[in-house]
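So the structure is just underneath, and the comments pick up after that.
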């Protein structure tokens, strides 16, 4: 395929586990500065798609292009360095480190062995940490050990760690799971804020939350795209209703 | 912000710990013990290098190597090869069929020095080899394993198997290695008799200084961003990888550093004890050295030294009076440390000794300073945040 | 060929094939218990060799009784059962007091069980003495069976082979055809879910661990026909056992069987053409080499993580 | 030694008193009185010697894999020392034992040697078993000028001022045995097999040269087994293919048992195959089982079944002290000689000083040794006979051959 303006272009992507096709000839395009939500019933392949993009799972065939750069052959850390950030379903933070350290570790400098040995905590690093901490509402908890945060705060912290990396594409797997109603609202605001200058893909089940943030919604079913479009359009789609309600 | 000296010394608490250890090793023990016992302590301290390496690798990196004895042995053998060549000059070996080669080669009908022994006639080469050979060996193993993401128990089992292979090889190729006897009867280094009491004192202090050097090196690594990443990797490897780090590179580097530190210990062992044998290369010593680190506290560098000294002191005392009891004790120690004191001596210290009022106040002062620093920067951060 | 007649070479090949099979059954017996404990539960039991030693000492002790009361010809089968029961019971106890506290810390289990193995070795030494002892074998286990005058098939080898087959079949039945096996597999695959549907996962763990130990006991009993028993006998077997399990792919019983077969044949052939030590080194090196290229082992299935 | 052993040992010593008074093991000297030998005169090197006592060390493995073999040596040395004390001690001084555990670990032997010599200042050490442990301890003895009595038959190629070797060196054990089997069994082809370490390898080297150069025979195979290996299927098949007249074996430890069991199971029992081994003594037979060994030959300088008055008494005393089930192997007997030779050395020198004792001992003849007569050569090894024993199913051997007295030759010309 020739170069496109899409930030992410997935074409004919397939992955099979011992014959079972978790993702089947998938085509998906994401625009710059778009916030895309992927929904679908359990086992639809949502998480697998994210795994494929970030390199955690290797595809059987097909292509994933990020800013016209093929990702399928790259190692995980190379994909991250290209500008893709990924948040996992359950918050994945360093429980034994403080909030400050969690954020600092994620700062994209000193990523090589020698770089990290010679890394200095300079003012610009600190400034960046404080800025992100404020954004994720944790600036008063910088010295707290991450294990002591609430579940919702851990989710934010992980988002914050991704923000430290300044990714151009941010992928969030169920970011509001386990959050209170108030926290959900705060998270929605946060997401709306951070997609100003980057693209975001979110997997989510909470339809209220999806409505608040989605620019466009993609419905996955059995590894294939069932429907795509605005929230209203997707909700009215017969096939989607059948998948969610009919059995 | 941390200065270099802060990083090496580890803050007030670190300074205190180091000062106490230095006092013990450099002053109290040499004054309190006769040269025989001091030489024993010197020998134990060579094991402390391995324990130290395991604190880096296992405590902080979560990588359990059951083959650290290999690196200790490789370092020791490199040193022993040099000393053996010096002890095998043609005059003192004139009784042999081929004078001028080590005695065990002569017994195994070798008539010339094997090519890989030749460079060990040079001391600079030997010192280089002590540092480089184990490191390269570790690099090869580490590269093959970590790039393929072998970790955890698999890594432990495979390193154990490699240690076994190496020890069978050393025993089997006795014409080149001295076999099960090892390389014995080492006498002088560049003409300096290493068996005299004065030499033992000097070697003891050289050993102690090297040990502190390795503690500083390890501490530097652990307090740098590298150390933070190591901890992060131990707990959430995936997250580190998806923060853009090549996890395997970090593990390989740690494994190599650990190998090099162990090798220095091995070389010092050879110098102080006067021989090297394959019984250090195999599985049993490799696992025993893990317990030294575990007793001291797997996360604590200084703890590793204390742990080594304590376990070996116990071994010497008990094996002199109740040899049977010793194995029960050693076995019990493994179980107890794992079940009840996973943080070892260092953990007990953290729990109890810190309650001593004077210490508490001293350490608290420093903590407060750190918090203040963050708070003030926090304000700056707020301002910046508002501007953005 | 090399100055030997075709008949001679044929005979040697038959006997050599048998030597390989015999080593295969030894490795299989050693590894089966471990495959259950390590493969199914992820627990590294460094004291596995000592559980074999329990079985071996049981057999030796019973053989002394048998000599004293004159039932040497029958005791062996009985000894195997007692070895199983004893090792099972001790395994059950060890799981209860030690292992169950450490399921989340596999590396620590490794250290704790190593400590356990030291303690067990010293118990053996204190109770049975440091000297190696041998079991008095029944008449029918001695000597060789001769299909032709030039071929000797050792009967103890045949016995170990038969026992390995029986135990393997038993494990297969247990794991794949019994209610218990279903519970074990369910627990391995999804502990929380298994607990939710009413499986007592703690009990499953305990029985699984004890079963692995019991099989080690049987293996130990069988080895008295081949070698002697001493306090440190177990340590000779432990690395080999782990190699077999890891090489086969930890979670796969079939893998364990295949890998025991492969390693045994390789080692037995290499030892025929090279010296014995170098044969062993070459085999281990090959295994480690292959494991480096295929760390998940030979027969691990590809799963969706 | 466990506390249990120690208690048993103490009671046994008492029981021995009567029997021992009748015996004067050391020739010529009789017992001495301490007053005749003032401490300042007999001890000029600050050894642990008082007016009443003298300290010696026993250094063997009481734990670990080698405990199996070394236990017998510890027992024999303690028996000899108890007997000497019963007779009035050495230069009128009772011997006190300091026992250390080498724990089957070579570096530990070096460490404990240092402790015994530098801390405890013992006058002599009876100990070490494997060559590796001796090699580890040797530099310590040479540097601290200690005195070691080493009991095991070994590979030779060593001679130290500070060591007396009471076992046989390789040529003493090998050459006469090979001569006998070549003549007796008309053997031409030999298969050499041993454990993989220095003693079997050196022994096989000597055996090969002797077979090829002096017996006109042929070595059809040479094989070394990793220590502890228990799988012999392939090796046995190789032997079957080569059909040697004689298997010449030096397999040790746990492998030894597996080797004999599997050999028998594979049909190679003594009715079909001649084997001469240099690594099986009465101690090993316990583990191997007499039925697996019956009919094979061992070459040793001592067997428990030796018929002579010295030995009959020794065996009786040994069993009295250590229980009726105790067996005595070659090394155990050699270990028993150690304290007696040391006593002779000290009394000939009239001093505990190592330098004086060491020069006094060569030339000494011990006529009361259980193995018969031995003589100390200037090269610190013993003149001794070689005997071939044919094993019976009950674990004892019938001595079928006895050589002349053989001069020890630790550095044999033409065999290196």
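When the chains are written out, they are named A, B, C and D in that same order, and each has its own residue count from 1.
We adopt the following convention: a contact is a pair of C-beta atoms (placed from the backbone, for glycine too) under 8 Å apart; a residue touches a chain by one contact, two chains touch by 3 or more.
Note that this is a predicted model, so its numbers are computed, not measured.
Colleague: Which contact partners do chain C and chain D have in common?
Modeller: B
Colleague: Work out the mean Cα position per chain and let me know which chain is farthest from chain C.
Modeller: Using the mean of the C-alpha atoms as each chain's centre, the farthest one from chain C is A.
Colleague: Going by CA means, which chain is nearest the middle of everything shown?
Modeller: So the chain sitting closest to the middle is B.
Colleague: Could you please state the distance in Å, as a whole number, between where the Cα atoms of chain A are centred and where those of chain C are centred?
Modeller: Averaging C-alpha atoms per chain gives centres 48 Å apart.
Colleague: What is the distance, in whole Å, between the centres of chain A and chain B, each centre taken as the mean of its C-alpha atoms?
Modeller: Here chain A and chain B have centroids separated by 42 Å.
Colleague: Where the CA atoms of chain A average out and where those of chain D average out, how many Å apart are those spots?
Modeller: Chain centroid spacing, chain A to chain D, equals 75 Å.
Colleague: Provide the C-alpha centroid distance between chain B and chain C, rounded to the nearest whole angstrom.
Modeller: Taking the average C-alpha coordinate of chain B and of chain C, the gap between them is 35 Å.
Colleague: Scan chain D for residues touching two or more other chains and write them down.
Modeller: Within chain D, the residues that touch at least two other chains are 2, 63, 196, 224, 226.
Colleague: Which residue numbers or ranges of chain B touch two or more of the other chains?
Modeller: 168, 171-172, 324, 327 - these are the residues of chain B that touch more than one other chain.
Colleague: Could you list the positions in chain A whose residues touch two or more of the other chains?
Modeller: none
Colleague: For a test of understanding, state which residues of chain C touch chain B in their complex under the given definition.
Modeller: Contacts found on chain C: 42, 44, 98, 101-102, 105-112, 114-122, 125-126, 235, 239, 242-243, 246, 275, 277-278, 280-281, 284-285, 287-288, 291-293, 295.
Colleague: In their complex, what parts of chain B are in touch with chain D?
Modeller: 34-37, 39-40, 43, 95-97, 103-104, 106-109, 168, 171-172, 174, 179-182, 184-187, 195, 273-275, 277, 279-280, 316, 319-320, 323-324, 326-327
Colleague: Taking the touch rule as given, give the residues of chain D at its contact with chain B in the complex, in rising order.
Modeller: Interface residues on chain D, with respect to chain B: 2, 62-63, 100-101, 103, 105-108, 110-111, 114-115, 118-119, 130-132, 135-136, 138-139, 143, 155, 157, 196-198, 201-202, 205, 224, 226-227, 411, 416.
Colleague: Sort out for me which residues of chain B touch chain C in the complex.
Modeller: 58, 62, 64, 144-145, 148-150, 152-154, 156-158, 160-162, 164-165, 168-169, 171-172, 283-284, 287, 290-291, 294, 324, 327-328, 330-335, 337-339, 342
Colleague: Over in the complex, which chain D residues touch chain C? Could you list them?
Modeller: Going through chain D, the ones touching chain C are 2, 63-65, 67-68, 71, 196, 223-226, 228-231, 233-238, 240-241, 254, 257-258, 261-262, 264-268, 283, 286-289, 291.
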